[in-house]
Every structure is written in C-alpha cells, then in structure tokens.
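Got some structures for you, see below.
Both complexes below contain subunit A, partnered by subunit B and then by subunit C.
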Partner chain A sequence: MTAISGTAIGKRAAAASSRTMLLAAFFVVEVAALGIFVPGWLTVDGLLDTSRIFIESGLLALGMTFVIITGGIDLSVASLLALVSVVIGFSHQAGLPLPVAMVLGIGTGVGCGLLNGAIVAYLGLHPLVVTLATMALFRGGAYVISNAAAYSEYPAWFTTIGGFYIGEVLPAQLPVFAVLCVLAWMILEKTPFGRRVYGLGENEQAVRFSGINVAHLKLKVYGLMGLLAALASIIETSRISTSRANMALGLELPVIAAVVLGGTKVTGGSGTIAGTLLGLLILSYLQDGLQFAGISSDWGLFITGALLVLGVLVNENAGRNRG
Partner chain B sequence: MGQVLTSGSIDGPRPVTSESTRPDQGLEPTLGAVPVHPSAAAGQDSRVLCHMRGVGKRFSGVWACRGIDLTVLAGEVHAVIGENGAGKSTLMKLLHGVHAPEEGTIEIDGRALTFGSPRDAEAAGVAMIPQELDLFPDLSVCENLYVGRQRPRTRFGVFDWAAMRREARAVFAKLGIEIDVRAPVRSLSSASAQMVEIARALIRDARVVLMDEPTAALSQQEADRLFAIVRDLCARGVGVVYITHRLEEVFENADRVTVMRDGARVHTGPSRDLTTHSLVQMMVGRPLQKFFHRTARSPGAVALKVEGLTRRGAFEDVSFELRKGEIIGLAGLIGAGRSELAQAIFGIAAADSGTIAVDGRPVSIKNAATALGHGIAYLPEERRSQGLHLNFSSPWNIGFGNLGGLTRFGWVSPAQERRTANQYQSMFSIRGDMNKPVGGLSGGNQQKVLLSKLLFQKPDIIMLDEPTRGVDVGARAEIYRIIDELANAGKAILMISSELNEVLSMADRILVMYRGRLNGPYEGPDFSAQEIGFATAGVRVDGTEARP
Partner chain C sequence: MKDQTVTDRSASRRTIIRGLAGGTALALAGMPGRVLADAKRPLIGMIPKYTSDPYFTAIRQGAEAACKECGFDLVFDGPANQDVTAQTNIVDRMIRQKVDALSICASDPTALAPAAKRAASKGIKVSTWDSDIDASGRTVFLNQSDFGAMGQTIADMMARATDGGKGDFLLVTNSFTSSNMNAWRTAIKSYAAKKYPDMHIKAELTGDADLEKSKNITLNYLRANPTTRGVIVIDGIAAVGAAEAVDQLGLRGKVPVAGIGVPSNIRPYVKSGTVTEAVLWNPVDLGYGAIYISKAQLEGTLDPKKGFVESGRLGQMKFVSDDVILLGPPTVFTKENIDSFNF
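Right, the complex of A and B next:
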C-alpha cells in the first residue's frame, strides 16, 4: 500500500507543472531575444507600462480559464465589455451619479454572464452557439444604447483607475490584477467550487451523479466571467476615458489564445491559472515587441496564430502520453 | 435485446446443476484428446494455439505481472482468476497487443510474434472483449463490427453497406441473437453491447478469444446464454480465455484454470481438480472466513416510501417501502428498469408521476443535489462514465461527492482529504497507487473507490446498483460485511443486483422487477431461489406468466 501525498492530483499535476515550466522558459527566452534584437525595447518602464494594456484581456482570461476548464467557451466577453462600458457612460450621461452607473454596469456584466449560463445550463445548448449569439446581441445592445456615439465626459477621479501610477512607474491596476490572479488560483485549486469546475469539464455525468447541481455550477462560472468582463470594462473605460460600442472589438481572440496557449484543454478538465498568465505574457510582450520594432500588426497576428497552433499541438500530445 | 431476455430461452434459475452447463458434454467429440494436464500442454502439443513464455509488464516501475507462462489450447475454456489488481487484465492486454511485454515472448502457432497494436493481434487471430467495453456509442451495431477492418466494397468502389449488414445479420443469427444491426450501440443494453463485442470477435474469425470479466454485467440468464455461445466457439476449435470473479462459473464452464496473485501465476490446472475453497486459498493466500454477512435485525421506521412511481417506457406503478435497518434486494434482468427506478428516486431523470416520501414526509426531488439533501445516495452502475473522474486521483474522487466534508473555512483541507482516503483505503483494502489517476487502477479497485465515495457522502438511504461488479471474492466479502454493518447502524439499503446469490443471501426482503413492474416483496430470510429466479424472467412458479 502506498502513502497518499498532498492534494494528490499526481501525474496530472506533474504534467501541468512541467508544461508551466516550459512556458516560463519560453517567456524568458522571448523577452531576452526581443531585448537583444529590438534595441530600446527592454526597459522596466516599458515592461510595466505594457501591462496596462494586457491587464484587461488578462481579467477576461482569468474568467475564461474557468469557463474552458468546464468544457465551455465564452465568445461574448469582448462584446460584453463594450456593453458594460456603454451602459456606464450613457447612464452617467443621462444623469445617474457615476458610482451608481458603475454598479449598474457591474450588474449588467453579471446579469449578461448569468444569461449565458442560464441558456447553456437550462436549454442544454452548446456554449459556442449560445455565446456566438450573445456576442452579437451584446454588441448590438451597445450600439443601440449609445446610438453609435461615444461618451467621454468622465470625471478625473474615474480616469485615475486605469491611468494612475504608483511611484511614477507602477500602473495602479497591476497590483490589483496580481491580487485577482492569486485569488483566481486559490479558488480554482483550493476550494470545493474549483474542484467542481475541473470535475465538470472532465465528466459532467459523474458530477451529476455525485449529487452536485450542474446547472447552478454553470451559472456561477458564466456569472463570474460576466463579473470579470465588467471589471475589465471599468478599467479600460477609465484608461481611455471613453465609452464606445466598438470597444475591444475582437478581443475574445487573444483572450482565448492566452488560455489555450497556457495549457488549458478546450475539451475541459484541465488547465491552470499560472499557465494562462504565462500564455498572456508571452502573447502580449511578443506583440508589443514586434510593434515597437515597427513590424506590422499583421505579422503580429500571424505569429500569434503560429504560437497557438504550437500550443494546441503540445496540449494534444500531453493528452496522448497520459493514456 | 430481443430474444436474450425472453422467458422462453431460459432453462431455469440458479442453482443450475443440470448437464447443460457442463462443458464436457457438447465438446467431448470435437475436443478429442485435449490434454488435461498442463505439463502435457507445454509447447510441443499441436493443440497449443498460443503460448506466452515468461511475459511481464511494468507500470511506472512496478510490475503489474511478471514471468507468466500461459498456454491456450484449441477448444478449451481457460479461466483466469485472481484478486483485484493481480494483473489479469494486464496479461490479457499483452496477448492482445494493447501493451508490449517488457520481458518474455508470445508465440502463436509456434511462431514468436510481437504485436505493435491490437490490430496486429487481431490479424494473428487474437480477439478481445475488454473489461470496459470500447464500442463507439454513436455508430450503429453494423459499423462497430467493421471498425478497423477491411470493409467490402461495391463494384463502384463505395462501401457495400448492404453486404456488411447481411454479414452482420448472419453473425448474429449464428449467435442466436435478435438485434437491429442499424441501431446505434448507445441504445443497447449492456448485455446486448457485450454480444456486439462477441460478434466483433466472430466476424474476425478469431481463433483465440479473450474475455475480460464478460459476465460481470450480466444476469444469470444472460450469462448462461453467453456460455452457450462460448461452448459453441470451442466446438469449432476456438480457444477461449476468460477472467471472472464468480467462482461458481469456473466449475461450471472452464476446462482449465489459471490463478494469479500479485502479478505472478500461482497455479494452472484442470478445474475438476479444484474446489472453491482451494481456489480462494490460492487467490488470497489464506482461507476465507465468511462470505455473506447477514445479521438478524428488526427494521425500524419507514425511511423511504415510493407510491405509484411511473416513467413511461422505463417503469410503471412502482410502490414499495424501505425501512431503516433493512436491506431490500431488487432483482431482475438487465433492462428491466431497475437502474431507471433508482435514478428516478435519486433525481437524475425524474418520474412522470407518483410520489416519494422520506421519513414520512413527501418530498419533491428535482435533481441529485436535492436527493442527497434528503440523505439519499446512489452508487451508479457504470463506474467509468457515471461514477468516477478517471484523470483524477482516488482521494480526489472519494472526496468529490461530499466536498463540504473536506472543507475547513471555505478551503479544501489536504490533510483531511488524506485522512479520509487513508481510512477508506484500509476499509476496502484498495490496491494501487492512490496518487495516480483512478483510471489506472484495476477495475475492481475502481469499484472500491466508488463505494468509498458513496460512503463518504454519509447517506441514510443508500441505493446500490451492482455494488460488487468486478470485485474479487475477498473484497466482496468485505463489501457484504460493510453493507450489513450499515444496515445494523440503521441505514436503509436498496441493493440492485443481477447476481441472484448475492440478493438471496444479503436481503431481508426481495423485490423483483420484470419489464418495468415490481413483483413481491418476497419475505426473507428463507427465499425460494426458484421462485425469485422465475420471477425475474416474468414467470410464476406454477408456470403462468406474472404480471403484466
């Protein structure tokens, strides 16, 4: 009889951590290479400043990691980000005090997330189809509310949320993001909810037979995604101090890319927050470096795609070796 | 499932001692001079279809089986028995090319072969019906038969489905089974799915057929049917190797027996020289004290009362009362609606009408979460698809049904998880690496993990669906003891089992389900095996058909 160690997820955890190490190594090499070949890019200020941009997709990626681990997907996140921003902006324009408007925006985010979850859970439709529809729905809603106009009459206190620097270099949202990452990691790895998220992705039927309410679980996961989309929306709105219906257009792509590159399997049941974070850093700094070097953003997209193919291949092989 | 389940094809319920189950009868003429002594079979005999010499296989450094010699003779039924995790399935997988042996050789017809994959093994005439069936649920019966095999084509070069269906129907006709070859495998009962696996072996003209616990999921009648087919195969010179934990079967059906313990072969010899006692002694390494445990109890108040429960197409007008400290055995054939009934009570697929009351209060159970809230737990019959998360460790799985029980201040406590898993590991003597994914454990040990998961939910009303499926004798006795203890502690237990012996020996009362309707209760402790056996087939002892 063998002793039982720690949280005892065994081989799975070993595979996941070796993959995380691989990603970390890749990230270091990437930054070093960019530092060498793109003169002037590698500065502490520059690295920190770039975080202002990826934190928004980072927040979405945290939620997306949960969603994809359950075996789902949420294509509507970028649209929801725009909708929340527009709701805040135009309810403020209509005379609502800004804090109230922000609460309304967060409510919108959570509500729309729950809507996704409810359709998936209670109507049994595939999340891909559901969120493809709500992706259009939320974006359309943003256009209708804003009447295709922009709103940027934000007070100064609001714009510091996404524009304030601690000690002149550290963007204020970075520590907030770091705390949220740790929180997400703890929830996923150390709480009953996190366990159920993994379980749902690997074998939904067994979760049901374990006496767990699968519908409620899905509602929570998509609701959490909506909440994070609302937070990302507030930070972005503050950073650019504008609300527009075409904000974050196509942002769901890099978000999903970061999660998948980070080792989360699209078939569900495995994935880590650390992996997602590394996937996010790798993609964001690569794009930033290429942009800095004056290479066209089309190339950036191309390279993102190539990395993704690579990531998916590694995932597939990791799965095969296990069997 | 058609014919398999109709009452006409049944000779009679267990215990069957009639000549029809002795293998010698039909086989003697064709078998001719089958050597009964293993020493005579070693190597030179022309009837040796297959010879494994000193084979072994390791998983992460630990030998699952090692140094095993095994011969398969033409026309013999060769039973392989041993405790859970003894290495039986691994040995079969070596012969079927699933794993490559790390030591030793495999000879087929005297030629040493190495199989890179099951496809190679099948080309050499070795077919296997695995422990966990691996059919494609969404493909039709016919398509499944042809997976991985050359398909006939029409002269236009497209697949000739008509020809394939003809051939498939012919194979099933040969097996004496009525089955719609166009039906998706998903829609079949597990007994019928098993038959599809057998047909798959037949259609490949296999000369060595390996069956890994083929009877674990079958009721007596279906198992009898299977053995009739096995004897027919043997009469045509096929060698059949099969694994089982039901020792009576060995004496009724096998010519030779190989016993494995801890990855080694401890005995091979003719079954007629053995007794249950000597088999158990060799398997476990010590004599078994007591197999069934039943304490005399006086049941308490009604814990679960079901009235007029109906789900169209599954079961109809089911009423019964289950008391605290009582074990009710629910017997019946596979497909009779027993699992559907239990799952309706557990809230997986709600009934259309009828009422359920727990402790005298009517309850509405919409899903398994509410059922569990009322103290009802259910051990599912399909451990891999319904029970376990195969990629996660045993402790993870044991805790999953009751995460609240592992949680301290909102966090899952690793110490508590470890303690819980250790406790159940010693309670059920679970063998294998607990830190590895549970999918890597042997079938019987997976079942023990599933039972642990159920007990950790701390239920008051326990519904067990085939609780000892694939579990070895020693652990089985242990499970019976635990079930008995649970009843003594006042739990109300509904035990679904296709093994009549188990129901007869464990239950205080027996209900029999036949085509969705309940007969009984039959009051214990002295049940008439014959009466209940007949009832499962829908026949009264006096020969009249039971309702409906």
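Right, the complex of A and C next:
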C-alpha cells in the first residue's frame, strides 16, 4: 500500500491539478466566447436552467469516475436508467403505491449495479464486455416490462422532484447534485475506500497483496454506479413525467466523454471529481450555447465525439510528459 | 535539465490553451447558424419529433415559406432521433431563447405538457400539429387529417390490394405512445370490423422509427406467419422497412404493403408494386398551416367561433372542435401519380 500512497499519489495530484486548471481555463474561455457570439445566451437564469439538462448525466458521470478510475467501464448506465424508470412506472401502474415503486426502482438500480460488479469481480470478465451485455439486457428488460408502451400518469407531487424551482430560477435538483459532488469528492480523496479505488486502477495486484478484498471493492464501486443511475432515473422520470423503454438512449456516451475529457484515464488509476465536473460543464454548455445560436441538435453528437477525441489526446500527452 | 522540462511543459500548456480558445472562436464563427433575430420580428420556435426524416424536412420547407410571407423568424430544431427527453430540453431552451410562439409535434403527449405549460406561463403562444400533447399544455392542435377518414382510406387500400381483405394481416407502427398513430390504429380496426369482418389484424408491431428494426420485425413475423395476407403500415419509416422485408423474402405481389407513406421514401416500392398504395397529407402544407396558426395566435385573431383560420395559399383551415383545426383531405399516392410529389 505504501508504494501506491507515497510518491505515486503526489505525482498524480500534481498532474491532476494542472489538468483541472487547464479545463477550468477552457471552460471560462468557452462561456465567455459563447456569451460574446451568442446574444441572449449568457444570463444567470439561463446558466442555472441549463443544469436541468445535464444533472442526470452528471450523476452518472460521478459514478462513472469511480468505475473508470478502477480501470473499469460501465456501458450499461443509460439502459439501467431506462429500466429503473420503467420499473417505477409500471409497478405503480400495476397498483403499487408510488413511494414503494420508487424504493423498488432504487433496489433495481443497486441490484443491477451489483450484478455488473459481481460478474466483473467473481468471473473475472472484462467490464467492457460485461456491461456491453448488460446494456442490451437492461434495455431489453425495459422493453419487455413496458411492452414498448409509456407510462405517464404520475401524480403532481412526483413531477416536482425534477420540475421544481427554488425562487423561480434555481432548479431544485441543482443543490442536490452539488452536495453529491462534494460527497463524491470526499469519498474519493479523503477516505481509505477512495485510495483503494485509485490503487485498484494503478496496480490491482498490489491492492490484493495488501490484504484488501478486491472483489468487495469492485462490488461497491459498481453498486454505487447503480444507485446513482437510479437517482438520475428518478429525476429524469419526474422531469419529463413519463417512463418509457427508449429513455436516455445513448446517454452513456456523453457521460463517458465528460469523465474522459475531465482527465480520467481509461486505463485507470487517475482522475478527479473536479475534472469530471468541468468536463461535464464544458460539454453541456458548449452544446447548449450552439443550439441556442440556432445550430441544429444534429451537431450534438459530433461535438461530443470531437471533445472525446480531444480529451483522450490531452490525457495521453499529459501521461507522456509526466514520464 | 529539470528547468528545461518545466519551461517546455508550461509553454506547451500555454499553446494548448491558446489553441483551444482560438478553436472555439473559429468554430463558433464558422458554424452554420441562424442569423440572430431582429428584435422586432416575431420569432417562432418549431419542434418536430425528430429531424432524421424527409417528412420533417418537408414540414420545415412549408414553415419557412409561411414565415417569409408573415415576416417571422424561424428556429427549427428537434432531436436527431425520437427522444422525449431531448425534445423536452429543446422546449426549455426555446423558452430561454424568448420565442414568441411554439409550434410542436410531440413524441409523447404527457411528457411535453409540463414544458409547454411553462412556456405558456411566460406568455409564449403554444400550438401543436401532427401529434398532439395534453390539451392543458396548448391552445390549439392542427390535425393533418381526420383520423376516421385516414383509417378508412388505409383499410380500403388494403382490401383493394387483397381482393376484399379476407385473412390475417400484420400492422407495423412506430410506437404505442404516439397519439396520432394510436388514433389511426383504432380507426382502421373499428372501420374494418364493420366493413371487412374477415380482415383480422393478427399482430401489431413497433418499429420505433428505426428502419432496420422495422425491417427485421417484419421479416421475422412474415417468416413465422406465412399465411399473412398483407402488411398495413402506419408510419413512414415502417413503410420502407416493411417493403424491404417483403422484397427480401420474394413476396412482392403476394403480400402487399399499404398504409402511410412518404413519397420520397417509398417511391421505388410503389413503382415496383411492393407498396400498392400509400396515403398521406402534404407535409409542406402542414408546416405552412402551422405557422399561420401561430400568426393568428400572435395577432389575437384565433377564434373557434369564427370557424376557420386564414392560412395564406391554403385558404381557410376549419375548426372541427373548439381546439382542433383540420388541414384538409388526405392524398393517396399510386404508381401513376407518385412522381408529381416532391417531398
């Protein structure tokens, strides 16, 4: 454990903070440029309101940061979001009280996350293949349960979860997201659990030999991912007040893009919550600003792809310089 | 040596930052965007279900023509694929863009309602076309065709193609959540039950606006159910998928495909005979008419008691109820006339 926690952490912290500064600078330049070139876009109300659009992918990105730092990946997050939503909607339709249905939904999220973790940890299969399979499995499950129909009869109190504004400008989910960001940062940076997550991505053998149960660690990380997917699902379901199997189709891409752009290396061992948050903000506000300027949403995927390439390039270069 | 590295790195970082900043500015300047509106001209936000379909391109064409006539600016944006969340996000964004009127074709009637109500509470005039939202979220809906008349036309086409429409049929739709398609399904079935009692719609499948999926579900179904007499399609993309499947199985002329179709998509299949007949309204007219409804709303002249809305070259569009306006009768496309429609 000393080998991991000593100089490696020092180096990692230095590299990470310089990347974070770079991202922060990019973000400021981006917002300023959009503010200048897109009249009417840069307002406090507008910046706050846009957060409604990216908080769901932001929650997924928090969990994804943990997963990728361990050297893993979770492609099933968007499918899981849809599955949880459909479970909540259709169990409610079948007569379950909504709060109970929500608990069932959260259970589904955590359970499916643990399933991913268990297959990765105990069968030793690569997370890319495992979660590619469960991506289809969860999405398929959502289609089977919903029979390709939508459930939209949510009561008013439920739709306020993702649709309520504090003081008419601050979306209610924004403070919740902020608290979870701080919590995720503390867990990752300030707890032994967080250090082990980094250790797992840097050198799994070393973690194993220092007497830590690697399988339990992976279960927790993927379980946490499932919990966050369930939370994101509840917020999105409430915001659009409908449950359907094709929700969040392809959302794993911007989520992974935000994490990678934020400086988390896909090979594991490095990454920060601050970086992920900046990656998310850069991606989300750029897309929002361009669409606000009247550039069609068709560009969204193109921009995500371009920034993902940029993120990978910067990550790779940073790695080389460090050596 | 160490100092050297440090300088190099900070220099390269500066270059990166400069590069990124320059890149952003360039990208912003170079991308094709709407020239931002003149503050005095009304701005209309039009939101299709998705953009990846020539049908919605034709809608846009009509809307642009009408905006030109009325002196409006148009923002036309929808999700690339059928995605309710993305569509809700676009409504929210258009509210921030301070559009004066919103003209929506909804992927889901309830999902769009809260966002539409938010728009209305900020003084934006909301209307819908093609696929409605809950009445609480909008003032008026422009119906492209009378659902009953459409259902009758489709059932009659299938009966014509199969000598009276006796036997088992497959119906392929987009999804079970689309309000207009659900209304046609109901209309086809209730009309067929009376007029063609031996026409049995054995299965109803969803293609999710996906060509490949529409094709595959039709292929699999026809393989497993060789006695199927015909395929009824009530979605423009499903029409192409089903026709592809029928051709692939060598069933052209044996298992006819008929229903909703967009001429530019189904032209080859209508000419080859795989699709016997197709029906649709003119989407260019629909987009055009929708803008004239926004115009009436903005001028405050929209009044069901008057019974109609003035709509430029279309003349008068009639109110069929207090909050529904009808575009006009549907158009049937056949081998003979399909070349005269360019949408």
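Going forward, the second predicted complex is superposed on the first by the 315 of 323 C-alpha atoms of A that agree within 3 Å, B and C clash if a C-alpha of one lies under 4 Å from a C-alpha of the other, contacts with A are read in each partner's own complex, and residues count from 1 in each chain.
By definition in this document, a residue touches a chain if its C-beta (ideal position, glycine included) is under 8 Å from a C-beta of that chain, and two chains touch if they have at least 3 such contacts.
What you see is a predicted model; the values in this text were computed from it and never measured.
S.K.: May I ask you to decide whether A:Y198 touches subunit B, subunit C, both, or neither, giving the answer as first, second, both or neither?
M.R.: A:Y198: touches subunit B, not subunit C.
S.K.: Please name the chain, subunit B or subunit C, that touches the greater number of residues in subunit A.
M.R.: C
S.K.: When the two structures are overlaid on chain A, which partner does A:A148 contact: first (subunit B), second (subunit C), both, or neither?
M.R.: second
S.K.: Who does A:F209 touch here: subunit B (first), subunit C (second), both, or neither?
M.R.: The first partner, subunit B, only.
S.K.: Between subunit B and subunit C, whom does A:F37 touch in the aligned arrangement: first, second, both, or neither?
M.R.: So A:F37 only meets subunit C here.
S.K.: Check whether A:V314 is in contact with subunit B, with subunit C, with both or with neither, and answer first, second, both or neither.
M.R.: The second partner, subunit C, only.
S.K.: So in the complex, the part of subunit A that touches subunit C is made up of which residues?
M.R.: 18, 22, 25-26, 29-30, 33-34, 37-41, 43, 45-46, 49, 52-53, 147-150, 152-153, 159, 163, 236, 239-242, 244, 246-249, 286, 288, 290-301, 314, 321
S.K.: Once bound in the complex, which stretches of subunit B touch subunit A?
M.R.: Interface residues on subunit B, with respect to subunit A: 346, 348, 367-369, 371-372, 377-378, 380, 385-396, 399-401, 403-404, 406-407, 410-412, 414, 417-418, 421-422, 425-426, 431, 433-437, 453, 457.
S.K.: Please name which positions on subunit A make contact with subunit B in the complex.
M.R.: Touch list, subunit A to subunit B: 1-2, 4-12, 186, 190-192, 195-196, 198-199, 202-203, 205-206, 208-216, 269-270, 322.
S.K.: For subunit C, which residues count as touching subunit A in their complex?
M.R.: By the definition above, subunit C touches subunit A via 9, 12-13, 16-17, 20-21, 24-25, 28-29, 31-34, 36, 51, 75-86, 88-90, 92-93, 96-98, 108-111, 113-114, 175-177, 206, 208.
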